[in-house]
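Input: structures, listed below.
One chain, chain A, links the two complexes that follow: it is found with chain B in the first and with chain C in the second.
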Partner chain A sequence: MDEPKKIMHVVRKAPHGSIYAYEGLEMVLIMASYDQEVCMCFIDDGVFALVKNQDTSGIEIKGFMKTLGVLADYDVENLYVDQTSLEERGLTEDDLYVPVQVRTSDELGKLMHEQDVLVPQ
Partner chain B sequence: MLHTINKSPFESDSLVTCLRFAQPGDVILLLEDGVYGAKANTKYEPLIKAASEKVKFFALCADLDARGMKDLIIDISCVNYEGFVDLVVDHQVNAWL
Partner chain C sequence: MKIGILLKEGPYNHQAADTAYHFAKAALDKGHNVTSVFLYNDGVLNVSKLMDPPQDDRHIAERWSELGARGVKVLACIAASKRRGIKDEVLVANSEITGLGVFTDIAIDVDRLVTFGD
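The block that comes next holds the complex of A and B.
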């Protein structure tokens, strides 16, 4: 098998209004199970995907809070969050459901350059 | 790195967010409804003019023509489909959908 690729999934959409974030998370788990070096980056409304206490039972959507919790078991340990996107939405790291690394847009821009593949979600 | 923007800046944050992340030397290609960002005298023109000191802007000719966009910000160059392919071959692509 080829060397593992560095793959960053860039989540920019809110979780339940479209299927992007949910399907994207499925894709992350699939890629991670093929031993690729997968990380995720949450930007713009994508940061809402990480907010605590989401209860989707009322809208009859499965939700993915539990799936987020098992990312570390798939060795997806690097979840990056854009500081500006958090601040613009009145959120702090404490509002998020899983441990993340908050970075400036410029730092994340540099990190994007280090990836082999960027997957938009 | 080649950033592609396919949404109008009036509809989506893609262009503004992308510019926050873009690094010096990166290329930004406006296509589909993204080409509305190339129009002169919009509220986004100052942002694009400032950013063009560190990144290079292109807009896809066919999409500009299809939308009757003639009066472009001076810092934005028109590129045809062949040029689009060259950009994709030469850069890592970051699509801001």
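The block that comes next holds the complex of A and C.
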């Protein structure tokens, strides 16, 4: 079998207001079942996707917090978060629903460079 | 070079569909192997033959159909299509509905996956 490819999904948009983060997550779960090295990176408003205690009942849209919780079961264990994006939004790691790895923009740039495939969501 | 394209926006509202088309066409003309265009999010709306733009405007679905006739697989994601009313009966010629598994195979297979979106 060929060497697994390194695939990074980059979540850039807020979890609600558009469907990008939601459908992005659906794509991640499918790709993760293909035995590739799948990871995710959250930058800009994408970091809001990870904030805990989200309640979408008021907007009558199905949330995806539970899906974030099962990522580890799909071997998507590396969730990278941009430090600057967190700080700009007044967030810390403690505000997030799942364990993440906070990285500087430079470090994320290097990680992106190491990937075979980048999928902006 | 073997190239795959991911298009994440619908026709007309965003320029992404136009840019993706021009990129794919230019790459083919230069002799590259553009294996497939995968349509995701609102991108699936690109292959609806129901669109009927003014005569002096480009017909985006027909453009994709032309690329399909040149051997590029034009593929709409089934999950995204179901949400947006895209079914086999509304597909423009030379396009088809398929799953994210096929997209994963494309991402693994190509030398470069190029994404067009907002």
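Here is the rule we go by: the second predicted complex is superposed on the first by the 120 of 121 C-alpha atoms of A that agree within 3 Å, B and C clash if a C-alpha of one lies under 4 Å from a C-alpha of the other, contacts with A are read in each partner's own complex, and residues count from 1 in each chain.
Heads up, the rule we're going with is that a residue touches a chain if its C-beta (ideal position, glycine included) is under 8 Å from a C-beta of that chain, and two chains touch if they have at least 3 such contacts.
From a predicted model like this one, the values you see are computed outputs, not experimental measurements.
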What is the contact status of A:92 with respect to chain B (first) and chain C (second): first, second, both, or neither? neither
After the superposition on A, what does A:19 contact: first (chain B), second (chain C), both or neither? second
Looking at the overlay, does A:84 come into contact with chain B only (first), chain C only (second), both, or neither? first
Contacts of A:5 with chain B and chain C, given as first, second, both or neither: second
Which partner chains sit in contact with A:56 here, chain B, chain C, both or neither? Use first/second/both/neither. neither
A:34 contacts which: chain B (first), chain C (second), both, neither? second
Could you look at A:113 and tell me whether it touches chain B, chain C, both or neither (first, second, both, neither)? first
Overlapping contact positions on chain A, where the chain C interface meets the chain B interface: 118, 120
Looking at the complex, which residues from chain A come into contact with chain B? 10, 12, 43-44, 84-85, 105-106, 108-110, 112-113, 115, 118, 120-121
Please name which positions on chain A make contact with chain C in the complex. 2, 5, 7, 19-20, 23, 26-27, 30-31, 34, 36, 117-120
For chain C, which residues count as touching chain A in their complex? 6, 8, 40-41, 79-80, 99-101, 103-105, 107-108, 113, 115, 117
Show me the residue ranges of chain B that touch chain A in the complex, using the header's touch definition. 1, 13-14, 17, 20-23, 92-97
